[in-house]
Amino acid sequence: MSRPTDATRRNPATGERYAPHLEPRYREIATFLRAPLVERLDALDIALVGIPFDGGVSNRPGARLGPREMRNQSSLMRSIHHVTRQDPFAQASIADIGDVRFSSIYDLERVSDDIAAHYRALHQAGVIPLSAGGDHSVTYPILRGLAADAPVGLIHIDAHTDTWDAFQGSKFHHGGPFRLACEAGLIDPKRTVQIGIRGAQNTAQGWDYSDASGMRVVFMEEVEALGIEAVIAEARRIVGDGPVYLSFDIDSVDPAFAPGTGTPEVGGLTSLQALQLVRGFRGLPLVGADVVEVAPPFDPTGNTALLGATLMYELLCLLAERCAAQAEPK
Amino acid sequence: MSRPTDATRRNPATGERYAPHLEPRYREIATFLRAPLVERLDALDIALVGIPFDGGVSNRPGARLGPREMRNQSSLMRSIHHVTRQDPFAQASIADIGDVRFSSIYDLERVSDDIAAHYRALHQAGVIPLSAGGDHSVTYPILRGLAADAPVGLIHIDAHTDTWDAFQGSKFHHGGPFRLACEAGLIDPKRTVQIGIRGAQNTAQGWDYSDASGMRVVFMEEVEALGIEAVIAEARRIVGDGPVYLSFDIDSVDPAFAPGTGTPEVGGLTSLQALQLVRGFRGLPLVGADVVEVAPPFDPTGNTALLGATLMYELLCLLAERCAAQAEPK
Amino acid sequence: MSRPTDATRRNPATGERYAPHLEPRYREIATFLRAPLVERLDALDIALVGIPFDGGVSNRPGARLGPREMRNQSSLMRSIHHVTRQDPFAQASIADIGDVRFSSIYDLERVSDDIAAHYRALHQAGVIPLSAGGDHSVTYPILRGLAADAPVGLIHIDAHTDTWDAFQGSKFHHGGPFRLACEAGLIDPKRTVQIGIRGAQNTAQGWDYSDASGMRVVFMEEVEALGIEAVIAEARRIVGDGPVYLSFDIDSVDPAFAPGTGTPEVGGLTSLQALQLVRGFRGLPLVGADVVEVAPPFDPTGNTALLGATLMYELLCLLAERCAAQAEPK
Amino acid sequence: MSRPTDATRRNPATGERYAPHLEPRYREIATFLRAPLVERLDALDIALVGIPFDGGVSNRPGARLGPREMRNQSSLMRSIHHVTRQDPFAQASIADIGDVRFSSIYDLERVSDDIAAHYRALHQAGVIPLSAGGDHSVTYPILRGLAADAPVGLIHIDAHTDTWDAFQGSKFHHGGPFRLACEAGLIDPKRTVQIGIRGAQNTAQGWDYSDASGMRVVFMEEVEALGIEAVIAEARRIVGDGPVYLSFDIDSVDPAFAPGTGTPEVGGLTSLQALQLVRGFRGLPLVGADVVEVAPPFDPTGNTALLGATLMYELLCLLAERCAAQAEPK
Amino acid sequence: MSRPTDATRRNPATGERYAPHLEPRYREIATFLRAPLVERLDALDIALVGIPFDGGVSNRPGARLGPREMRNQSSLMRSIHHVTRQDPFAQASIADIGDVRFSSIYDLERVSDDIAAHYRALHQAGVIPLSAGGDHSVTYPILRGLAADAPVGLIHIDAHTDTWDAFQGSKFHHGGPFRLACEAGLIDPKRTVQIGIRGAQNTAQGWDYSDASGMRVVFMEEVEALGIEAVIAEARRIVGDGPVYLSFDIDSVDPAFAPGTGTPEVGGLTSLQALQLVRGFRGLPLVGADVVEVAPPFDPTGNTALLGATLMYELLCLLAERCAAQAEPK
Amino acid sequence: MSRPTDATRRNPATGERYAPHLEPRYREIATFLRAPLVERLDALDIALVGIPFDGGVSNRPGARLGPREMRNQSSLMRSIHHVTRQDPFAQASIADIGDVRFSSIYDLERVSDDIAAHYRALHQAGVIPLSAGGDHSVTYPILRGLAADAPVGLIHIDAHTDTWDAFQGSKFHHGGPFRLACEAGLIDPKRTVQIGIRGAQNTAQGWDYSDASGMRVVFMEEVEALGIEAVIAEARRIVGDGPVYLSFDIDSVDPAFAPGTGTPEVGGLTSLQALQLVRGFRGLPLVGADVVEVAPPFDPTGNTALLGATLMYELLCLLAERCAAQAEPK
């Protein structure tokens, strides 16, 4: 474990130093989980990254505004977990490193390359990324950055398998990242589990690809029938002991809990189920994680971004615990 | 089964024909479930019908705008069911036939007569109606059109029994359609089940009428105690093998999932329970179905109309499967 | 039991008397649960009281507008309970007595004193209060008014233990009422149960205080694991047979069901669970109850205030049943 | 002038009397303009009346909720006018007398009769009514109650002339009250001015009726060209010195200022113009006035109801000044 | 003038024919201005076209949903203009021809080509297009379709000059269509006027390009100083007698009147000014017109789409009057 | 003029430096006007300061969330003014210095002292503050920090004079800052002008105080009658050549343009008038300025915060121009 990043701030008027994350929640500049904003990766264990891009959606846009609003709702997040009493900020060096930059927001392939380069740099610096989308098309280039050496396992929580082929002339849309990742050898389909899938489709193509490639698809009806604990066990069985990436699409959650997304599907997870599901993956060797598809223009109460921020906190606990475990003397 | 209605459209500028329901979801004119809009019943199995009337409400109006908004949210609907892999559009000839016309929107009895005449014509043409309300007062005249020959069984999913007597000088309000239908011999109370009932009342009159007439009332607390599967079994036991109508009042669902309705009652079904409940009636000889009381002015996220459209899709699957089964050679 | 308060109103134009609570729900002046508004406590069993104060919040304000909006949503409430068939208005004399007045809304200690004096007067008049906040800071002075003679038991339903120490220079904020009440001997920590607790914190101080003082804390995860019936049994075991106060913070409910609150925490109770939980306390010797932290500015659908009003109705049933029982000849 | 109605309230807990309208704006029960709610007309000069009916609309309903929400927004109203320094509550005895009751909300003719009877009683008691709709169909029966003896002049501010013939089988809809009133001899078309008219129509029928009957129609474009002062002068010239009724349809105002209405027309008055227009009628012998068509379901900010309440206050100033002038010794 | 398109519809149930645009406003399928939806250009004078594309925005997306919502709000539109008493539907053959189809929504250049081809076909068929965007990038390819033969004059109403250079690697974004059109010789800069420009910029590049190329830029402050009539006169002076295109960006209007847009700038036109400005161009030889940048996700009241639909109606009056004039015998 | 603050940021992943304010508007961390966030006052000319406090309101709270949301909407701000072509960021060294810290948010007097100390430090460092409230109570302590040596002139734009006496036991509420400032000799009432005043009051006390002390009160009706240019001239005549402070309460603007505020008054300024008014004060020796009373919970479109941010930009232009002028060699 690195030394925790300095999280205090100097009051420019009085000169005193203080801890912004202990101030009333509506004060201070909004960063992810109230972490300090940094310009360097030095001595960083975990980077919180925004990817404000929604050029890959097939229906309603708006997820480009997701990182901004998840940072805003992050103000309600605090440090000590009420179940585990774990404090991730005491276990790892954590910072908000800002947003990925794009050379052209109008070109899906260049965006994909920009993201891949960004995460490759993080990976090379030994920093674990926890990302906020953006639409789901961003996860393919994240995996390009993180899994270039060997395929990783995947825990994918979503209403859709996102293993569809080219749509409207492009493969880089938000319905296909895991087909691309599978084809590129970035994920191991035998160590891939997709949880919460539901909703009618115009072809069975994506479902069939997942099946044919060997992925384990847990439709929402099976989640309900088995219960969350059994789903966790099944997912852990599938991904095994190797490195694994976790991608959480907010549309896996029912739109009553998370209306702010581009392709809502009724009949999904409750927020409590979502939290318990994520918490169930403690101890897995996660190489990174993301929360995607939060679209604030469709979120009049802010609940979706609040849930997104809370899921980021839960994921951070998983990642920080790993950092702490690895840092311990053997 | 009839030959599927032609669902393609000619691009006026280029002359090419294409399938509107395969276009990106925000394109094209909004019809129910992206079905073609027709002006004739010829060769039609199932008609999707709007009934934009809310003159029968006792509290907040707005359901007259329900068909318009359910058509709008219908754009997110697709064809192949993720559980059954059934495609209703391949099983039956289906079209949106537009809205019922009224000779006077200000006169409840004339509206009732207009609706009854409309459904009598559909019934005589051998077309099964799947309707979108409007307030619940519309179901009595629907039944006048469909069940004039013999009483039908009824599956009624709602927060209220809607078996109340005259209110404010009229029997044709949205709290009384099933008392009227029972008195007129359109439904068989012994083959009637009411599911999801809850909420305080100023008199016990409606509850008492349901009991006294022999209807089976499953209050929400019993739904929760039994579980959805047992409720389905009980409902199937009650309605038996004869023809049955299914009426789904969106206020049966908890207002967290469906805020857009005129008389919300907290403590209702989840959207997943609602979907599972409807799916449980596969194979029943349904003579028609409706989704009512969606009131868009109280639905800032559009979730209520989206759920309404999804329930229409689920009901369409039930109806189309029947059409396909009947069309098969014995 | 006292004679029911006259709930009729004289039509000023026609002179006829009529019952406002039987009118269409959107008519008439908005009072709590459509009870008559009175200026005297004479012959009153239960007083409905508004406490429009939110000066004690630590995050988003707005709960000062809670009583107004819960009165507004109260119009949907009726009298006969659908499970118990109980009519509280026939069992007890009930009225809306208006809002607590403050000598200074800018001074937390004076507000606390004003509230305490108000409830002391109710207590001395033998009237049981059912209150609508306001933020949770109001419950400490309520208890000062009701429990000055001897500590009471406490059923506290909330996302937060509210047993935190001074914050930003004051002990009278909304995160500390039960620590103050415990220190002042107004509640018996051994007869105190806190249900629904969840969410990360910056220190463990409040959780630790609850534990150390002997309170029973049922975190949300335990609620989910045990089920509502078992939680009710455990709570009844803790509070025993003595007098008990019930305080319901609306943020115990998941923000999908109750977005309108100042410090939302995802992963909470459903509204059905909330209703069942409250109903589980029938027969307990309640000395009063409250519903707090409803903040209408964050409640675009009105669902939160509607749930708040429905919870008030459920609590009223508990209180009125006690009144009726005590009034019966032995 | 009568003695002002007692506007104080007794605090039920403490016994002290206090003035609710001087309390913080979010406290107390919501009545029109914070006036006391009474059950008798004795010694009353001006009655504030709600008419929660929208059964006459031709498009979006919701105005039945107008009186409730205008009472709610009325809390921001105070007593002394910032231009005239007039205090209407010191000039006349004023009270909220509640809502008109209906024998059947489903029957437009009976509603019309109920309203007419209500206003006839007020008229006979010598009380001047200031009313809050409800849709515009209510003004015809108001005039039936007030102008049965002789036709009155009319100042009608609206986007529509509301002089259309029967629609959908009824003459009692909200687009025809002034045609009915003219035909019934309740208003003098030569002393009638209609201000702010605009928006396309499917026939010229209503515009033609206004012209043919001799009404002066000031289209919105003429308002803009002349300026408000000249419009006031023209209107005063038309209505002359005789008794006059003023009817303000909120859709005369641009939907940027007043979105909450059923048939919005862009390109209307600003709120400042609306206030100045009303203020311009000081000294006219008004027999009553109304503000109609406020539909809260389409008013997410509450601005429309706030403007409605402010217009009621401005109209009250006109009415009270007349009362004070008449009460003065000659 | 062609024979008016058949605007009646056959009721599928009863067989009667009726005029949908005379039905209550909330009934029937939503098309632009309630015009019939057609699949052929035969005998058509004016085509109403949707362009649901927002891939060219530089800030908030959502305008892809504009055509759908302008069709929805179009229901409030009627036929006879209240100022001119003109009925465009009696003057020209008008229909909704649906939306432009795209071969790839992810590729700005291909979208540009698809739109250009679509409008070229309309132009060759002698049909005048009135379009609803979509973001402002769509106007360049519209002009490619209409002005390939010779440059046209341009009336451009907007908060931004949209003459900026490449941004984020592309020239086809929504800030540059008129620079592209000028460079391609599609518009004559000497016959181009830009009205309503305002708001700070990071460089003066676009303003400078407009100036240097000879366009007349009327900043918002000049609009306010001159008044609308003088602005109209100046614009007519600039565009002269030749063919002219009119492009209306809804962000020219103040966000109080039109909040639903991607790059709002405070301090703009009122809706009345916007209507008067458009009406001022009667008689000009318009080759087409559009209303762009209506973004429904940011439009909670629907006012923006309502204003957009009303502007389409006003533009339709201009176009239809030209058709009628040209059809008259000399 | 100081050297401009370094406004570039280092991309932590790639190491490149770039200018965040030139990125797409939805990217990057939200600071006021996209200025860099600093921890030191060194070499700073103008400090942008948030004061997230609303404990002084008398009606609806929420302004504590104003700085956060004005920072968010600030993303739409750019640098070069479209009228003056001035770039304030090139004229002065400008930074966001974060929010004022409070020792107790529950104690109005301590908050007042905290703010006063903060501004005293800025004043002593020679930094000019441009502040975002918070409710209007914050302006009194700002003046305590800036005007301790000698009274300043005041341009106060507001719907209310804010010269009222103690309310609810405190003088430090948001209705009294300028009475306190006058009594404390911080402002010169003869050099004070109040613009936009309107709305009824329960006493004339505040209006009378302003008059009696010699302030010039320009009621809204006078603004409308004179026109903005004449109001500017009058205000400049009043404040003369000495140092002056400008305080802009967003409720001076009509709630159609700025609904998000605690005590809205209909009939106010348009946003264009507001901008022109502020711009009219170029060249005045401003010692600071603020924009207060933006309350995001009542601002569903974000327009109020957007207008607040734009007014901050306009004020920044005034302040920076002064800095540039003073820095020039004589």
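Residue numbering begins at 1 within each chain, and the chains themselves are lettered A, B, C, D, E and F in the order written.
Going forward, a contact is a pair of C-beta atoms (placed from the backbone, for glycine too) under 8 Å apart; a residue touches a chain by one contact, two chains touch by 3 or more.
Please read all numbers here as calculations on a predicted model, not as lab measurements.
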Pair sharing more residue contacts (C-beta pairs) when B-D is set against B-E: B-E
CA centroid of subunit E to CA centroid of subunit F, Å: 39
Rounded Å distance, subunit C centre to subunit E centre (Cα mean): 56
Subunit C residues counted as touching two or more neighbouring chains: 24, 26, 58, 60, 64-65, 102, 105, 168, 254, 256, 270, 298, 300
Graph class of chain-chain contacts, one of line, ring, star, complete, other: other
Subunit C to subunit B touching residues, read off their complex: 21-22, 24-26, 76-83, 85, 254, 256-257, 270-272, 274-276, 300-303, 306-307, 310, 313
Subunit F residues within the subunit C interface of the complex: 54-56, 58, 60-62, 64-65, 102-108, 110, 168-170, 172-173, 297-298, 300
Partner subunit C, residues of subunit D touching it in the complex: 9-14, 18, 23-24, 26-31, 37-41, 47, 50, 52, 64-65, 68, 71-72, 96-101, 105, 117-119, 121-122, 300
List of subunit E residues in touch with subunit F within their complex: 58-60, 168, 197-204, 207, 219-221, 224, 254-256, 259, 263-264, 266-268, 270, 298-300
